[in-house]
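One chain, chain A, appears in both complexes that follow, with chain B as partner in the first and chain C in the second.
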Partner chain A sequence: MSQTEATARRRDWMSLLARAPAARLAALAPDLPTHELLRAPEIGAVMLEGRIGGTGSRFNLGEMTVTRCSVRLGDAVGHACVQGRDRDHARRAAVLDALLQGEQAGRIEARVIAPLRAEAQARRGARAEKAAATRVEFFTMMRGEDQ
Partner chain B sequence: MYVAVKGGERAIDAAHAWLAEERRGDPAIPELTVAQIREQMALAVNRVMAEGSLYDPDLAALAIKQARGDLIEAVFLIRAYRTTLPRFGASRPVDTAAMAVDRRVSATFKDLPGGQVLGPTFDYTHRLLDFALMAESEVPPAPTAAAAAEPVPHVTGLLDRDGLIEAEPPGEDAPADLTRTPLELPADRALRLQALTRGDEGFVLSLAYSTQRGYGRTHAFVGELRIGRVAVEVELPELGFAVEIGEVELTECETVNQFKGSKTEPPQFTRGYGLVMGQSERKAISMSLVDRALRWQELGEDFTGAPAQDQEFVLSHCDNVQATGFLEHIKLPHYVDFQSELELVRRLRAEATALREAAE
Partner chain C sequence: MNAPLTSPLAGGFADPARDAAHAFRAVLDAMARPGRIHAVSGGAAPGLSAAAATVLLTLTDATTALHLAGALDNDALRRWIAFHTGAPLAAAADAGFALGRWPDLQPVTRFRIGEPAFPDRSATLIVEVERLEPDGPRLTGPGIRDTARLSLPETAAFRANRALFPLGFDIILTCGDRLAALPRSTIVEDC
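Presenting the complex of A and B:
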């Protein structure tokens, strides 16, 4: 696997772990292996940026709460930065990030990542379907002068 | 002169205890949970996040509960909290073109790629009180339809393709940050947008309305209004690449404004921009109108003295925490200040009386 591919895969699972509802992640991966905390879960903020006109210069939109955590598990170092203020969420995501770099990757992928991916798609799909139902279908009415 | 400055402690403690009791209201009525506020008062939560300038629905809901529904007080609580947070960095600029839209309407084009999507809007409701909401009831599920996987491009992009609207080329300079350096005037557009997006909705709305009524008129059309979720990507220094760490709901408004051209620019449409946390379309539209009005100088337009064109006026007064802090502080003890005023008035009166008596 090339470096870019490996990076793309890690980005993908880190994103799913971060965006998962904390309770759901805890249900999917209730027991964490022993690990060393390199950086204990820490709550902070990230400044959200936008672009003027959607495409132009950057500007500050306001902050968002995040929690970050780093752990060591054997040879692997796991990192997490997740939206919100849930320390357990950040710690669990960091441990899973470390596990996904090791021999257990296949098992974690199947038991945790795959369900999270399906659920994220379903959540997004459900909103998109409701939005689609509110899409206006215009039809042109016959006007008097056309007759 | 000696002025008593101690002695309020017992009274203050009692006042706060009573406040807690009043906040709870009638104990026979079930207590509101923070989750209930977050889910069922979502637009109030959005407003507190936007003006508090911190995206965290749970904290905003808590602030609303603590503030007994006083949204400016809730914004104040959020602003105070955010000062305690270490800043880990900045996100990549959010890509609103890739937004998963709940709502997307254009007032300038009827047919456009991605379509007109109404979303969960108050528009077209009759604004009649719905007494059914006084009783608990099950809400029937909203209808669904197959979602097309087509992109939803920005309307201004369509105009830009034909050169009919000013271009908005990407800029990569790190923007100035109001929360780090005090506001200095004149402020560039990025800084003005930061101030407006966290500005008081009522104030920004009234300014925008004043431009529509002729005080700095900009002839705005809502080219596009979109509400939905965008991914937040953050570069993690440990890894050297950006990771999606969550998503936020945003409202974006782009106005298309008349412009007759200048010495350097051909006649074309110009833009106003609004981007606000949460579902906040009144605020986003207002922000884009005020943004456009503030651009008079850069576009070579006349300054007509309208408040919405005056960035010192707009930026110095749009923040409701600053405003309420200064306004409300005058109710706090000013015994010493007032004592000196009292002395002064007494002396002036005595002098005036003496003069009158001397004249008589």
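Presenting the complex of A and C:
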């Protein structure tokens, strides 16, 4: 696997772990192996940036509360940065990130990541459907100016 | 001298707010009372004394440019600094903090000494020394009742620095878990 591919995969699972509801993550991975805290869960704020129209120049959208945590598990170092003030969520996500870099990656992928991915897709799909149902198409009929 | 690190990225404060406050108080008091030796703890970095690691954790962050001199400019320490403090590494002339052993920091004239209108825009040198004891050159000046003594690596450079006052750099000497400071206002004499 190339470096960029590995990075993309890790980015994908880190994102899923960070966006998963904390309670759901705790239900999927209730027991954590013993780990060493490199950076105990700490709460801070990050500035969210947006782009005007999605592609234009950058602007500060606002600050968001995040909790970050870093752990060591054997040789693997796991990081997490999750929305909100849930220290357990950050810690669990960091440990899972470390696990996913190790030998148990396949097991964790199947037990935790796959269900989370399916649920995230379902959530996105449901939201898109709901939005699509209320979409109004505007189009201009003849206004009589051309005559 | 160094507690063994369980991992290259270990060695941060266990309780960041409290540990940093204690260490900051120690550095503040050391600067206010030149020559007085304080014990600090909490930090551990690859190849650094506990005191130097603690000072880095306490004083540096993403807004303070740091210069690593000599053998301390290594990959392990760079990673540790990036993870724990986020301090950008800089050339000697641009650095707000510099870290190294005294011979590696030479010539010290390359560090910032501030400007007449802004004497605070100067560098603070964190110097790793082999021994730190209350003996050696005599110190007098603000914060010292009569005289103090401190085992400095040399005196000429500090005399030249004092002559620049109110400009000049400030020094924090670290050894094991102890530190002492030598601000630019202190007069250093051989004896």
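The working rule: the second predicted complex is superposed on the first by the 133 of 147 C-alpha atoms of A that agree within 3 Å, B and C clash if a C-alpha of one lies under 4 Å from a C-alpha of the other, contacts with A are read in each partner's own complex, and residues count from 1 in each chain.
Here, a contact is a pair of C-beta atoms (placed from the backbone, for glycine too) under 8 Å apart; a residue touches a chain by one contact, two chains touch by 3 or more.
Quantities reported herein were computed from a predicted structural model and do not represent experimental measurements.
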Three-chain arrangement built on chain A, chain B and chain C clash or fit: fit
Looking at A:Gly102 after the superposition, I want to know if it touches chain B, chain C, both of them or none. Which is it: first, second, both, neither? neither
Pick one for A:Ala131: touches chain B only (first), chain C only (second), both, or neither. first
Per-residue contact with chain A, leading partner among chain C and chain B: B
Under the stated touch criterion, which partner chain does A:Arg11 make contact with: chain B (first), chain C (second), both, or neither? first
Quick note, chain A centre (C-alpha) to chain B and to chain C: the enclosed angle in degrees to the nearest 10 is 80
So, does A:Glu42 touch the first partner chain B, the second partner chain C, both, or neither? both
Applying the touch criterion given at the start, work out whether A:Arg72 contacts chain B, chain C, both or neither, answering first, second, both or neither. second
Check whether A:Arg85 is in contact with chain B, with chain C, with both or with neither, and answer first, second, both or neither. first
Which partner chains sit in contact with A:Pro33 here, chain B, chain C, both or neither? Use first/second/both/neither. neither
Lowest C-alpha to C-alpha distance for chain C against chain B (Å): 6
Taking the stated contact definition, name every residue in chain A that is touched by chain B in one complex and by chain C in the other, in rising order. 42, 70, 77
In the complex, chain B residues that touch chain A: 49-50, 53-56, 58-59, 82, 85-94, 96-97, 100-103, 110-111, 115-120, 142-148, 154, 156-157, 168-175, 177-179, 189-191, 193-194, 197-198, 229, 231-232, 234, 236, 238-239, 241-248, 250, 252, 254, 271, 273, 275, 277
Residue numbers of chain C touching chain A in their complex, please. 6-7, 9-10, 12, 14, 16, 83-84
Sites on chain A touched by chain B in the complex: 7, 10-11, 14-15, 18-19, 42-66, 68, 70, 77, 79, 81-85, 124-136, 138
Can you list the residues on chain A that touch chain C in the complex? 36, 38-40, 42, 70, 72, 77
